[in-house]
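What follows is a pair of complexes built around subunit A, which joins subunit B in one and subunit C in the other.
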Partner chain A sequence: MRRLLWLSVVLALVVAYPLLFSTPFQQRLGALVLLYAIAASAWNIVGGYAGQVSVGHVVFFGCGAYAAMGAYAHFALSPLVGIPVGIVISVAISAIIGVPTLRLSGHYFSMATIAVAELVRLIVTNTGYLGAAVGLSGPTVPRNVFDLSFISALPYYYLFLAVLALTLGITWWIANSRMGFYLRAIRDSERAARSLGAPASRTKLYAFMLSAGLTSVAGALYAMMFGFVDPESGLGILISVKMLIMAALGGAGLLFGPLVGAAILVPLEEISNNLLGGKGAGLTFVLYGAIIVLIARFQPGGILMLVKRMIAKRRSKLPSAEARGAAHAP
Partner chain B sequence: MSSILVQVIVGGLLLGAVYALFSSGLTLVWGMMNIVNFAHGDFVMLGMYVAFVVWTLFGAGPWAGAPLAALVLATLGVVVYFGLIRDIMKGPMLAQILGTFGLALLLRYSVFWWFGANFLSLPENLVGGTFEVAGLRIQASRLLAGAVALLVTLGLHLLLTRTSLGSKMLAVAEDSTAAQLMGIRPDTMQAIAWAIAAGATGLAGALIATFFYIVPTVGETLGIVAFVTVSLGGFGSVPGALVAGLLIGVIESLSGYLIGPVYKDMVVYSLFLGFLWFRPQGLMGKS
Partner chain C sequence: MRFKHIIGLLCAASISVMLAGHAFAQEKTVKIGAVYPLSGNAASAGVHAKAAIEVAMDIINNPHPEFGNFPLAKNAGLAGLGGAKVEVVFADNQGSPATGQNQALRLITEEKVVALTGSYQSGITLTASAIAEKYGIPFVNGESVAANLTERGFKWFFRVTPVAADFAKIYYEFLKDMKAAGVKTDSVALVHDNTEYGTSVSSVITSVFKDNGQSIALDIAYAVNATDVQSQILQLKEKKPDVVIMIAYASDAILYAKTMQALDYKPPMIIADDSGYSDPSFIKSVGKISQGVLNRSSWSVGPPGSPTALIAEMYKKKSGDEMDDTAGRQMQAFFVLCGAIDRAGSTDPAKIQAALKATDLKPDQLMMGYKGIKFDEKGQNVLASGLVIQLQDGENYVAVWPKANAEKTPVLPYKGW
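After this line comes the complex of A and B, so read on.
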C-alpha cells in the first residue's frame, strides 16, 4: 500500500516535471533522461534479467536511428515509418548474433557483441547509401506533425515518457511471466536452470531479440529529436557503454534501475560537459569508468539494490522489536 | 607481383608476432582464472604511450622504452589484480565484465584527457631505417618488434611448461583449492600471472609503437584483435595464440593489400564471428 503511494507520488512528479522546471535546458535534460532510460531499460531485459552482458546494443540503436532518418532521406517519408523497419532489422541481427553465441559462456557473448558493433560501424562508415562518415539528416523544416520535428523539448518529453511506460510495462510483464523466472534462474546458474528443464538458449535468445527491438525504438526517437545520425552518434561504442552503466548503476535486473541510473548520469554528463567544455568529454568518461569499476567492485546490484537491502534491514529489525515487546508484556 | 605478395606476407608475419605476444597475455589470464580482461587492448595502448613518453623525455628508443613499458604494465597488472580482479572474480558475471570494462574506459579516457585525441607517432627511423634482404624491403622497426615478440612468446611458453613456477600456476588454474593444500598460494600465483600477462602486453605495445599510430582509442581495435587471436588459438593456449597471431597478421596484411586497407579490420572481425559460429573452441582446442 505504501509502495503504491510512493509510486504514484513519483509518477506525478515525473509527469509534472517539464511544467515545474520549464526552461528549455531543463526540459531537454528531462527528455534526454527519459530517452536514455528507454535504451537502458531495453538493455536491462537481456543484460540485467538474463545476465548476458551485451556491449553491442548500439547496433540496434543505430538500426533504429538510421531506419528513421533513411525513411526521410531516401523516400521522403515520415521518420515514424522507419521505426518498424528498424525493429525488424534489429531483431534479425540479434538472432544472427545470438544463435551461435548464447549457447556459449557469457564472455563469448560480450566479445561477439563488441566485434559486431565495430563491424557494423565500419561497414556503415564506408557505405555511401547510409551517408558514410557524414550520416543522414532528417527534415530541416517539419512538413507536418508526423515528421516529429519540434523546436521545444516538451513534446519529446511526453512522447518519450509514453514509450518508457510501454517499455517498462513490457519488462514488468516479462519479469512476472514464466519467461522472467527462466531468465533469473539462468542468470543465477545456467547449469542448474538447464538441469531443471528451463530452455536456456531459447529463452536467452528471445530476451535478446525483444531487447534489440526496443533498443531500436530508442535509436529512432534519438534521431528524430536530434534530426540527424552519423556513425559516431548512432553507432559509437560509447552509446552501448551508457546503456550498460546506467542500468548497472541504478540496478541491473530491477524494473526501475535503468531509470534511476539515467536520472543520475545524464545530468552529470550534461553538467560536466557544460562546465569543462570540449575537454570535458574525456573527463566525463574517466568518471564513467571509475563509477563502473566501483559498482562492479563494491555494489554489483546497483543503487536500488542497496536501498532495497537497507529497507529490508529496517523492516527485519522492527518486527523483532515488537516481538521482544510482546514477550515482555505479560 | 609475387615478390610484392611475399613482402606483404613477411610484413604480416612480423606484425602477427606482436599480436601473438599481447594475445598471450590475454590467454594466460583467461586460461588461468576464466576471466576476460576487457581492458586488455588498453594495456597495449598504455605500453605504446610509455614508449612515446620515454622517447619525448629522454630521446630513447625501444631499447629503453620496451623494458620500462613491461615494468610499468606489470606493476599495473598486480595493482589491478589486488584492487579489482580478486574481488570481482567471486562476483556475478555482470560484475566481472563491468569491472574490466570500466577499467578500460578509465585508462582510455585518462590518456585521452592527458594527451588529447591526436594521432601521435614515433620518428620513422628511430630503429635503423629500412634494409633489403633477398629482394625484400624490411623496416628495421618491424623486424625488431617481430623478432623480440616471437622470442618473448616462446619464452612465456617455456616458462609455463618447463619451470616450477609454471607448474604452480597451472596447478592453481586446474584446482586452486587442491593447489592450496599442496602449499601453493593461489593469490600469489594469480598476481604473478597478472604481472606476467600485463608486462608482456606492455612490451608488445612499446614494440608496436615504433611503427604504429598512437591514439587513446587504439586499444579498442587491438583489444578485438586479441579476442580474435585467442578465440582462434583456443583459450589458455600460448602456442595457439602464437599460431593464430601469425595467421591473423598475414590475413590482415593480405586483405589490406588485395581488397583495400579500409577492409582489413572488417575481414578480421568477420573471421571472428565466423569462428564463433562454426568452431568456438578455436583451431587447436578440443571440442
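After this line comes the complex of A and C, so read on.
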C-alpha cells in the first residue's frame, strides 16, 4: 500500500516536472534524462536481469538513429518511419551476433560485443550511403508535425515519458514472467540453471533481441531530437558505456535502477559542464569520473540497492510481523 | 547536524556569488556565446579558438589606436552602442553534437546571448546552429567547412570561411598557372584520411577537378592516426604522379614525411591541405625534411606594424603559440559578428541579422587574406579565398601564389631533405 503511494507521488512529480521547472534548458534536461533512461532500461534487460554485460549496445542505438535520419535524408519521409525499420534491423543484427557471442561468458562476451560495435562503426564510416564520416542530418526546419522537430523540449519530454513507461512496462512484465525467472537464474549461475532445465541459450537470445529492439527506439528518438547522427555520436563506444554506467549506478537488474542512474548522471554531466566547461580546463569529466569511482568503490550494487537495504533495515527494527516478513525476504 | 549547517552555509554562499555575478552583468555589455571543443579530441583547437577570441575582445573593448583603420579597434567598446563592451560566454561542446546543441540552447535561453559563434567540428556546428535557427539568433561560423551547412535554407546562419570548393578551385588555378609556366601537372594523386574532413575535402577536389577536365589519377584513402603508411607511399612510388595532394592531420602528416624519407620517395610537387601541415608540431619535427611542400592558408603575418602583425604578437602572448590559419579564421568571424552588432546599433537579433546580411567588408578591413566579406542568400561568404604558401626553408611558410600577394616565387620541384 505504502509502496503504491510512493510510486504515485513519484509518477506525479515526473509528469509535472516540465511544468515545475519550465525554463527551456530544464525541460530539455528532463527530456534527456528520460531518453537515457530508455536506453539504459533497454540495456538492463540483458545486462542487468540476465547478467550479460553487453558493451556493444551502441550498434542498436546507431541502427535506430541511422534508420530515422535515413528515412528523412534518402526518402524525404518522417523520421518516425525509421523507428520500425530500425527495430527490425537491430533485432536481426542482434540475432546474428547473439547466436555466436552469447555462448561466451563473462568478460569474453563483453569483449566480443565491443569488437562488433567497433566493426560496425568502421563499416558505417566508410559507407557513402550512410553519410560516411560526415553523417546524416534530419529535418532542421520542420515540414509538418510528423517531423518531430520542435523548438520546445516539452513534446519530446512527454513522448520520451510514454516510451519509457512502455519500456518499463515490458521489463516488468518480462521480469515477472517465467522468462524473468530463467534470466535471474542464468545470471546467478548459468550452469545451475541449465542443470535444472532452463533453456539458457534461447532465453538469453530472446532477451538480447528484445533489448536490441528497445535500444534502437532510444537511438531513433535521440536522432530526432538532435537532428543529426554521425559515426562518433551514433556508434561511438562511449554511448554503450553510458548506458552501462547509468544502469549500474542506479541498480542493474532492478526495474527503476536505470531511471535513477540517468536522473543522477545526466544532470551531473550537463550542470558540471555548464559551470566548469567554459573555463576550458576539462574539469567536467574529472568530476564525472570521480563520482563513478566512488560509487563503484562504496556502492557497487547501485543506489537503489542502498535505498532498499536502508528500508529493509528500518523495517526490521519495527516490531510488526509484516515488516519482519519483508526484512527476511530475499 | 554540524555537517548540515556547513552544507547550508555553502549553499547560501554559492547563491550569493551567483546573484552578485548577475548584478555585475547589469553594466552595459553585449553578450555573445561561443561554443568550442574545450575538452575531448579537439580540445587543442578549442583552447586556441578561445585565446583568439579573447585577443579579439581585447582589441574591441580597449582603445588600440596603433591598429589604424582596422574596424572596431580605435575606441573602447562598440561605438554603435555607445561604447558597450563585448562579453563572451564560452561553452564546451565536449566534441559531441548533442552537447554542442544543449550548450547553444543554454547560452540562448539562460545566458541570453544575442548571437553565437563556433563550433569547430562541422557536425557540431550543424546541431548548434539548428537550435539558433529555431530561436532566431544569428550564428556566425568562421571555421567549419562541410558543404551541407549552408544548404539547409537557414536564415540565421552565416559562414565567413572559404569552404572545400574554394580550396579546390585555388589548387586547380594554381596548377593551371604552374602548367603555363612549364611544370608538368598532368597526373594528380590524392591522399586523404577517412574522417569527415578527409573524405569531404577529397571528394570536393575530385569533382571540381573533373568539372575542369582534370582527372585524378590515384585516390588513396587511409585510416586516420595511422601507424604505418609504407604501402601508401609504395603505391605513389609505382604510379609516379606529377602532383600529390595531401589531406592529413598532424600525426599522420609527420608519419608521411618520415616514411617518404625512409623510402626515398620525392614527388615533383606536394600540395598539402592546411590542417596537419600547418600544425606547429609538423614544422618543428619534420619541417627540415619537407622543404618545398606547398600548402594553403588565408592567414599571413604581413609586414611589421600592420594590424595582422600586431594581432599575431598579441595572440602569441596569450596562447604561447604562433597564430595559425584556423584560429585566424575564427577570430575573423568574431570580428565580422561584432562589426555587424556595431552597425546594427542594437542587440535585437533581427537587426543584427539584417546588418550581417548587409556586410560588405573590403580586404583592407580584414585580418585574413580574403577578397572581402559579403554573404549570399545562403549565408556563405562569396569573397572567401586563400593563398598558396610554401615551406621553402623548412621553418617558415611564405606566400607564393597568387602573384599579387606573393612574397616569393614558388620553388619547384619538391626539395624534401
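Descriptive notes on the structure:
Basically, the second predicted complex is superposed on the first by the 298 of 330 C-alpha atoms of A that agree within 3 Å, B and C clash if a C-alpha of one lies under 4 Å from a C-alpha of the other, contacts with A are read in each partner's own complex, and residues count from 1 in each chain.
We take it that contacts are C-beta pairs under 8 Å (C-beta built on N, C-alpha and C of every residue); 3 or more make two chains touch, one makes a residue touch a chain.
All of these numbers come straight from a predicted model, not from anything done at the bench.
In the superposed pair of complexes, A:G289 makes contact with subunit B only, with no contact to subunit C. In the superposed pair of complexes, A:N126 makes contact with subunit B and with subunit C alike. With both structures placed on the common chain, the touch criterion links A:I237 to subunit B but leaves subunit C unconnected.
Contact with subunit B, but none with subunit C, is seen for A:L104 once the two complexes are overlaid on the shared chain.
By the touch criterion defined above, A:F181 lies against neither subunit B nor subunit C after alignment on the C-alpha atoms of chain A. Contacts of A:V134 after superposition: subunit C is touched, whereas subunit B is not reached. More residues of subunit A lie in touch with B than with the remaining chain of the pair subunit B and subunit C. Comparing which residues of subunit A touch subunit B with which touch subunit C, the overlap comprises 126, 279, 282, 284-285.
Residues 36, 38, 83-84, 87-88, 91-99, 101-110, 112-113, 117, 220-221, 223-224, 227-228, 231, 262-263, 265-266, 269-270, 272-273, 276-277, 280 of subunit B are the ones that touch subunit A when the two sit in their complex.
The residues of subunit A lying in touch with subunit C in their complex are 23-25, 28, 32, 125-126, 132-135, 137, 140-141, 151, 222, 226-228, 230, 232-233, 270, 273-274, 277-282, 284-285. Residue ranges of subunit C in contact with subunit A, taken from their complex: 38-39, 43, 46-47, 50, 89-92, 94-99, 101-103, 105-106, 109-110, 122-123, 126-127, 130, 133-135, 146, 148, 152-154, 194-200.
Here subunit A touches subunit B in the complex through residues 47-48, 51, 53, 55, 97, 100-101, 104, 106-108, 110-112, 114-116, 118-119, 122-123, 126, 187, 237, 241, 244-245, 248, 252, 279, 282-286, 288-297, 300, going by the rule given at the top.
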